[in-house]
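Next up is a structure, given as structure tokens.
Read from first to last, the chains carry the letters A, B and C; within each, the first residue is number 1.
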Amino acid sequence: MIQDVERLIQAIADDLRRLLKERDIVNPAVIGVHTGGVWIAERLRDLLDIGEPLGRLDISFYRDDFSRLGMNPQVRPSDLPFDVDGRHIILVDDVLYTGRTVRAALNEIFDYGRPDSVILAVLVDRGERELPIEAQVVGARLTLEPDENVKLTGPEPLHLVVRKRP
Amino acid sequence: MNPASVQLDEQGRLLHFLTLEGLTRRHLVEILDTAESLSGVAERRVKKLPTLRGKTVVNLFFEPSTRTRTTFELAAKRLSADVLNLNISTSSTVKGETLLDTLRNIEAMQCDMFVVRHAQSGAAEFIARHVEPHIAVLNAGDGCHSHPTQGMLDMFTIRRHKPDFAHLRVAIVGDILHSRVARSQIHALNILGASEVRVVAPRTLLPAFVEDLGVRVCYDLRQGLRDVDVIIMLRLQRERMQGALLPSAQEYYEQYGLNEERLALAHPEAIVMHPGPINRGVEIDSAVADGPRSVILEQVTNGIAIRMAIMSITIGAHAHDGRRRR
Amino acid sequence: MGIAIRGGRLLDPANGVDGVMDLFIADQQVAAVGGKPRGFRIEREIDAHGQVVCPGLIDLCARLREPGEEHRASIASETRAAAQAGVTTLVCPPDTDPVIDETAVVELIRRRAEAAGQARVLTLGALTQGLQGEQLAEMAALKEAGCVGVSNALAPVTNTLVLRRSLEYAATYRLTVFLTPMDPWLTAGGCAHEGVMATHLGLTGIPAAAETSMVARDLALLEGIGVRTHFCRLSSAGAAAMVAAAQARGMPVTADVSAHHLQLTELDLAGFNSLCHVSPPLRSPQDRDGLRAGLASGVIAAICSDHQPHEPDAKEAPFGDTLPGISGLDTLLALGLRLAEEGVLPLPAVIERLTAGPARILGLALGQLGPGAIADVCVFDPEQVWILDAKTMVSRGHNSPFLGRGFRGKVTCTLLAGKIVYQA
């Protein structure tokens, strides 16, 4: 089942607006996790009318499986063009699965400074968590077969693709 | 000739970093790109990445060096590795302990990486061939043969100013004969596709058959500098005057020293580099070394990011192969 | 004891013999070639069908490491290796410890070699005392004690006056002078040929001029003295050409080359292969070709092993920290046979360069199998394929770059003065 991604992102933006109002957050900073999270974060930034540039995170150096898998040959620089100290962060990723990527992203953000809070918004939550991590805003929940994968392709157009693992 | 094939595994991943000779463009670009990602670490609150947490890096320096050792130490620590510094003076070999015995003793301390500097060419390769399979060996300079991390940080510096290697003309000036840095730079430039690499030096400071490395020889500095985009000045060591290689520092400066007048012969946007430490007034004038075209200080900063990149890549390659301790 | 070696291809280049025929040996000598002499009682028969029977090999330079370096090897161990390699005569250079500048050392070596009884060991006496290049050694006494020549080993005599006088003194006693042409200043600190490989590997180079300049100097000094001079272990085409020119002018000059210099070049140093660290260094392919041409034309009259056995530590270090030298006895014949296989020179000529050629240089009646000759014999199977392996190498030194390589041609039997010292 392939979802209309643009519509999901609209829904996420609506939920975020509500959540930010509830928590009285006026000037959030948005950080996207490479690569899919950055595409979504760019759209959210537009929809939420945030003028400040996006933060981009490549968590390759923070992965907990570096000892097993080694270096990612396509690592990109992380770039947070704002001071993390005292900010409310909206952390955006495409797929929430085991929770390890989010843990790595949180570790990396905290190495830049101490945020006041972090809200996690994901396009898809496919369950099967291995760590106690949850998203505050979720576009869609999916249940997948054990041999299936979900991937966001892009940047234009954005598509969610469910594939059998090779 | 595929030298140092010991440094690549069957999939072509870098297990050790011994020499640039025999590596591909892909290898070098991966290192440069990874270093680019790492270069921002120094600006963060926590100037560390957890990538090598729990790993032990041993600095095995058989030749004394504070500068290079310190940058390797800093690079390892910025990746959260533990660092052991072993300065092995020649007196331990006088006591009769062979290099192999020294290695065995250190291996017993459970490390993951050796950073080696040695006065003999081929020492790093020798060590790589004899260590346990899970240990990565980085060459911090072996004799006159190779100083690959320096070569890479020089390429990183060049790329920041001149992103397209294909049209680059580079002049390397100085004691090529004794320079492991020059050899590494020459290999890197050729692999990255530089349009022309010139070596500029008197005959006595050029190795035999140097053209075989892929360079054009110029005995005349003015000719050598004409229209180049990058000038790399090499340090002239005092000993060269004693070894009947040069008559005096004065004559060397007259013929091969870089001053503003000679710099003007190069391309108007040429950059000036030097692996350091600089001999002011011998190979280079202060005005040039401190001038607007000099990127010498950047080279030092870039050294840390490059070494972090190479450490991550090589230790990562060992992880990939699941190379276990024996 | 009457020994008959039957059915082999008898290759005796000194006497122009090359054909399938029998060889008869009695009382340490060759009794007859071809037909069995009347009344000859055969007590032992060696079947040599399909094999080659030639004079025992004569090796102009083999270091036995005794006296002085017994931790590396000994006269007993290395003469045993020689016997299994078909080498019946070895020449030991004077750089033992103590140096062979006293008759006592000549005696010691002779006794120990006799006790081992595996090969004949000849010695070269020192040219100068202690090989220091300053005072003449007692060459007359050394000759009387049995030295077959004099040499300064690897320590070149730099003082030309001393060298000239030592040449004149050696001429007095009709001693052949064995010189190793190596300029000490051009050689100092170097470990590889000054060529492309040294440049790539960052090794300090030794130019060919280190050899040719000394050959030129020595030839000039020899002029008019009339002493027989032998240049040891040429490594460059240039030096071979200079020796050829000197011979053409009628000078009594000879030369040898090591078996490995005829096979290997600087390119074999790839990967900092310390097993190819030798002195003089392995030079360019052009130099190797020049040496091969010199060998084929006869300018270079002998192939030697330049045997230098080492313990493993000596080679297990970064290249420049290793000791030079190859353990060459085990492969001397096989490398020679490879030259024939590669068409560098025909098999009888290869055998000549390993037997009659060295004998002529030494001025001894060895290296041939005519009736009445000393029965030093080597029998080898030219088709037997074998691989050089540290476990089966006979020399105590396993420092050979040919380890793991396959060879064709193996010694099956060796006789020393009519006595069987090795049989496979």
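The rule is simple: contacts are C-beta pairs under 8 Å (C-beta built on N, C-alpha and C of every residue); 3 or more make two chains touch, one makes a residue touch a chain.
Note that this is a predicted model, so its numbers are computed, not measured.
Taken as a graph of touching chains, this assembly forms an open line, each chain in contact only with its neighbours along the path. Relative to the C-alpha centre of chain B, the farthest chain centre belongs to C. Closest chain to the protein centre (all Cα atoms averaged), using per-chain Cα means: B.
Taking the mean of the C-alpha atoms as each chain's centre, chain B and chain C sit 45 Å apart. Centre-to-centre spacing of chain A and chain C amounts to 77 Å, using the average Cα coordinate of each chain.
Remark: chain A and chain B have CA centroids separated by 39 Å (rounded to whole angstrom). Among all residues of chain B, none touch two or more other chains.
Residues 1, 3-6, 21, 98-100, 118, 120-123, 125-126, 130, 142-146, 180, 183, 207-210, 212-213 of chain B are the ones that touch chain C when the two sit in their complex. Residues 194-196, 198-205, 207, 267, 270-272, 313, 316-321 of chain C are the ones touching chain B in the complex. Residues of chain A that touch chain B in their complex: 58, 60-62, 66-71, 73-79, 84-85, 107, 110-113. Across the complex, chain B meets chain A through its residues 13, 30, 33-34, 36-40, 44-46, 48-51, 79, 312-313, 315-320, 322.
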